[in-house]
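Got some structures for you, see below.
Shared between the two complexes below is subunit A, which pairs with subunit B and subunit C, respectively.
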Partner chain A sequence: MATPFLPLIQGGAPLREDRVRQLMTRENAIRWAPLLVLIGLIILFTAINPAFLSQRNFARIAIAASPALMVAIGVTFIIVMGSIDLSMEGTVGLTAVLFCFVFLATGGTLAAGAWVAIPVILLVGALIGLVNGLVHVKLRIPSFMASLAIGFVGTGAAVLITGGDIVKIDDDTFRALLTWRIAGFPLMVYVVAAMTVLAWFIQSHTTLGRNFYAVGGGEELAHASGLNVRRVRIMGFVLAGVFYAVAGILQVAKLGQAESVSGANFMFISITSVVVGGVALWGGIGGIWNTVVGVLIVNVINNGMVVIGLPNYLQDGMLGLLVIVAVVLSTDRRSISFVK
Partner chain B sequence: MDLQRLKPHFPWITLLVLVAFVGINDPNFLKPVNLLSLAGDIVPLFIMALGLTFAIYIGGIDLSAQSMANMITVVASVYLASLGLWAAALCVVLGFALGLVSGFITTRLFVPSFISTLAVGGVCFSVAQWLSGNRALNMDANQRDALFGWMIGRTGIIPNELFIAATLLAICLFIERRTTLGRALKAVGAGELAAAASGLNVTRYKMLAFAISGTLAAIAGLLFSVKLSGGAPTIANGFLLPAIVAVLVGGTPLTGGVGGVLNTAIGTMIVAVIRASMLYFGVQATQQQMVFGLVLIVAIALTIDRSKLRTVK
Partner chain C sequence: MYQLKAVDKKFPGVHALKAVDFQIKRGEIVGLVGENGAGKSTLMKVIYGAYQPDGGTVTIDGKAVRFQNPRQAMEKGIGMVFQEQSLIPNLTVMENIFLGYERQFVRLGVINWKAMSEAAKKQLAKVKLDIDPATVTSALSFAQRQLVELAKVLTLEERVDGDLVILLDEPTSVLAEDEVKMLFTIVRDLTKRASFIFVSHRMDEVMELSDRIYVMKDGAVVDVVARGAATAEQIQQKMVGRSVDQEYYREQRQKPYDAAKVLLEMDSVSLPGRIKDISLKLHAGEVLCLVGTEGAGREAILRTTYGMRTPVSGKLKIKGNAVSGFNPQAAVAAGVGYVPRERKIEGIVAGMNVYENMTLSQMGRYSRAGVLNVAAEKALARDWIGKLSIKAHSEYADCGNLSGGNQQKVVLSKWRSGGSDIMLLDHPTRGLDIGAKEDVYEMIRDMSDDGVGVILVADTLEEAIGLSHTIIVLKDGAIQQRFECRPGAKPTLYDLLHYMI
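On to the complex of A and B.
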């Protein structure tokens, strides 16, 4: 990047103004706005109720955000490609329920061999993602509708398996994900942190990750330069499915139980988070760290509203307005003529 | 007779085959009383699907329909006591206004319709929870019967809901076939850029399509709350999937431009017969969602116009 040296060459008085103008570009504003919003929210809530800024409350936010972050990271890969995945409610519900069943069938405690349930469920998540991707790519159905339908099927399958009942898991070793705290934060928060780093690694240091951006930045160009776009898309959905499965497992760890509606509300919250964090719906822009910030914004708002005493039914409405504002701000309106 | 020429006839052939199939296995199914009550039960769903047809006809989608209906059941239950018959007017106006908002966000702010309607749906859900205090509400039975009893009674053996459905279908059919709005919506659905280039005020017509969708979702919610004599923020959950299925199996593809409200009437009947047949064949109600999810995929795959999608995102 040569631009930082430009003011030096020009020299003299305008240096400062140029700096400012450079920092105030649209790209920079979009890149840093979410983080500034997050900091602003934390300051705001702390000012209203100092109890917000406590380690215990932050642990509460982290726990609430953990499964949501896994779902949001999964869908980030898809949105970066310019597609959308609306299957998370069904996938999380189904994987959570199946996890309980496999867990109980293989002994009921991690020590007795039930750890098998974890790789099995990650595989199931990948399979659901694969179906998603195949339906979307092979049948050439727009992803939002293909994944919405698969999501309905997933929830339906979860209802079918459970018969509408709740499945409980009562294993102290497994629940340690929630109960065992290191430096005040439960183990699951560290698991999520590790998965986030893994996601970042996939995004930034693997061919697949670069290919997501290639497809999102311009599908036809990517295709023309020899990329197997269809395969990349399918791989994206598979990857997303794995992250949804992690969310499903964490949801069970958090609540100690699973039912067909374990995934309820994840669709709205995760997509809001991703978009609010600054990942453009059009694809190619943003990434994992935007999603992390977005999930934190959404969860800080949810938590903060409770802490300052606002009723929690305002949440969905707030999120609705937030997502519209975020999409509007991140859209370069000169470059599009119409949307469907 | 190639496949393309047969395609428009698929919906009603499917319907006839399904009806015959169930009828042969269970002759009771074909009794007029049974068919009529089956049709009567599905009217709220039909009205919602009717509205969705407009959103899908222009190539968009309205995912707020279910939340809208939910909210309206609450609004109707809360305001029936104080507003009387005006509660119905309030519901319709609310539906129209929120639909217009969805349309505005989609067309003027360039937010894709599935996101904008999802967001408006979130707002509806919040309003419903706030108004109801997160509880199930009941209508005063006497007042309901006095003001809205005509909606749910029977005339002879025909459920009154069917008259409402027929009236709304007629109005929608008139809009679609005999008005400038209808022609304009077809133009937008067939090719938005061409429509805009030929001087059509695309923005206004698209907003109206979403407004019609919102209005009909509100009417569906109103009828539903009258039927159940109450409302709750999640009472109409489970409507969205069959409503979308009804529009798509009827033959209005996701890409818009072809099909229409009459197709949706047939599509809704298909949904009703599938539901009924599942009952006859001992498929549990809990499996409905799975079945409809699969039907949805098949229906989209068969109807979608791939020549309109340069890249499938």
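On to the complex of A and C.
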């Protein structure tokens, strides 16, 4: 029954085949694989429970993904450099707690001058990143170890400040980040969108962003081209710290409270998202958009399991398995013969 | 003994081997030459079993064979000594030699190190290498590693019944002259045990060692030359299909340099263990060539000039200003450009595109307050792609996918576009085919015309003589002799060698 179509296909063949071949190159397949995985997941969950595909549910995913995306973007800069940053849990916890303290100390409402807490906390985030970077670069400690240690110091500091208590914020103007909705999505989603565009701008239109790729793609070469590689590394950690601080603030906005463990789970979620999105752990490959897709994949899996009614006790295990499947489908592993 | 008949190999879009006939007799050394992309490496891969031919037959002693993988080829006596050294640096010599074949020394799951050591000693004796088999490989020199690699392949002798064919892929590229001589002596000696296929870019070496030379061009064998039946020029002509004449090094374009304008001055610079009391001057428009064996201090001079090493004593002046803080940033700012030998590691960032690579050393000029002017970067890249006829589909092409010659052009335009007028070139033509080499020579002459001073470490002595205004011969880190090289009155190879060794 396919015969009627034959002349048509043959007639258009040369041109169309070329076009198809152009679109079907390996590079293209790799570039779009994470997005296809995301779309596939959405179709899968929708097929199981059509309620998944609703604006309300998407808003829920967006809210859950917002702080995680900020953390993941922060660590993306570091991973593009070929390093790793594991300080996110401590940094988010400490900045969230400090934010509440400064917020309450400066009036307890945005209207009364507590807005000061926002720039102060961003600065704190930058400072933590700076310490991280200095320890890594100046003391020549691998970023993996330096940042892991600094993260623990952050968590410890948060426990010390709070004494293990929960700090609450009930300012309506601040909570508007969660409660005020435009087109169904709360304000914080738009803040995150704006920060993502900013991150993209840094990545592709600033010398700093270019330098991250140069260091990740060939550190020796960057050095031999006269780049100050040590400075680039430190700046990377500072930038990541700022994004972690944004996540800390959003975490407070989302929950209305902060405690020393406010940053829990961000390490797994953020690094997983970055890898699932197709950013190479050895540096130089991938970027912000990969991370955005990666965060969405992980959050869609998380949300989808709830929506299709998977029992609670199975969800963590399923998440782990699905993440492995997502990595298999969405990353380019052909060129690597051995994985360490 | 070993024979290929009408072997064909196709890849998508490329006909890599076209009906290649090839044979090697017992105890013979066969050379294999051709430009990059002529099909040498594909042919090698077919021979040692990494690729399966699409057509034609492979026979050993008249019997047809077909290898699915290199291991099967090894079982038939075909071994490969890799160009990129394939020894694992943190293992000992004997572990490397018997890697994958430890079973013969295992009793009840435990390795008998003593037996392995004895066996390894026997292999090392074949290549006349007197080292302790328990030495960690990374402690060996490159030449020693090359011999260990050869010894590893020679273990086939005990494992295989038939004759051995051993492929040597660019075995001399990291060796100094005397080491090459030693290797050749050993290989000749080993023809009692095996036949060799020798691949090298260095025509003189191929001609010296080989009994017959297969010349490849565009995937086909264009000629088989017996020893002494053709000159190097004739063979080169067959490889490229055109003549490589006296104009190869563009000597007719060599003009006197500007002796009044000193760009760089070294005054008794020393770096213990590397260079001592180096004094030299580089003038505008001059090509200054550093000649010496590996480790004679050529690279140390370049790296000191570029600020990657800080001398212990002595002065370095760039354009009249004494250099105090030695670091690459300061050197770049003073107009120094460095084209390192390891193009893949220090030359271009694979994964970044052409314009990103070109502006890497000069991003400050293409940005304001840290924000890049990408449009200006692209315009720059398009300009230089045109100027140097770089073969890239556009300024967006990934530099990692360009050929060696085009990568080198990107590196050179990176520095030239940034206005660098002191260029340090370390083996700029290494691994390039003849056409690409000529492009590089042309660019060096262009730079001289623009008043750029070039310090060059050449790939061969001929290249050094052909290109330079001045040659400085180094030995053990000290200057031995300085030669003026006016066209028509250039020193000979012998003049230089005399001071090198």
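Basically, the second predicted complex is superposed on the first by the 285 of 340 C-alpha atoms of A that agree within 3 Å, B and C clash if a C-alpha of one lies under 4 Å from a C-alpha of the other, contacts with A are read in each partner's own complex, and residues count from 1 in each chain.
To be clear about the criterion, contacts are C-beta pairs under 8 Å (C-beta built on N, C-alpha and C of every residue); 3 or more make two chains touch, one makes a residue touch a chain.
Since this is a predicted model, take the numbers as computed values, not measurements.
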Request  = Return first, second, both or neither, reflecting whether A:L208 touches subunit B, subunit C, both chains, or no partner chain.
outcome  = second
Ask   = Does subunit C touch more residues of subunit A than subunit B does, or is it the other way round?
value = B
Which of subunit B and subunit C A:E220 touches, first, second, both or neither = both
Message = For A:N228, using the defined touch cut-off, is the partner it touches subunit B, subunit C, both, or neither? Pick first, second, both or neither.
response = second
Task = Considering only the touch criterion stated at the top, classify A:G156 as touching first (subunit B), second (subunit C), both, or neither.
result = first
Request  = Give one of first, second, both or neither to describe whether A:I84 is in contact with subunit B, with subunit C, with both, or with none.
outcome  = first
Task = Considering only the touch criterion stated at the top, classify A:L281 as touching first (subunit B), second (subunit C), both, or neither.
result = first
Ask   = Thinking of the overlay built on chain A, is A:L319 touched by subunit B (first), by subunit C (second), by both, or by neither?
value = first
Request  = Using the touch definition from the top, say if A:I182 reaches subunit B (first), subunit C (second), both or neither.
outcome  = neither
Inquiry  = Show me the subunit A residues, by the header's touch rule, that subunit B contacts in one structure and subunit C contacts in the other.
reply    = 220
Request  = Flag every residue of subunit A that touches subunit B in the complex, lowest number first.
outcome  = 82-84, 86, 135-137, 139-146, 149-153, 155-157, 159-160, 163-164, 219-220, 267-268, 271, 275, 281, 283, 311, 313-321, 323-324, 327-328, 331, 333, 336-340
Ask   = In the complex of these two chains, what residues of subunit A are touching subunit C?
value = 204-208, 210-211, 213-214, 217-218, 220-228, 284-285
Query = What does subunit B use to touch subunit A in their complex?
reply = 59-61, 105-107, 109-116, 118-123, 125-127, 129-130, 134, 192-193, 196, 202, 241, 254, 284, 286-294, 296-297, 300-301, 304, 306, 309, 311-313
Key: Touch list for subunit C against partner subunit A, complex   = 306, 308, 328-329, 331-333, 338, 340, 342, 345-352, 356, 360-361, 363-364, 367, 370-372, 374, 414
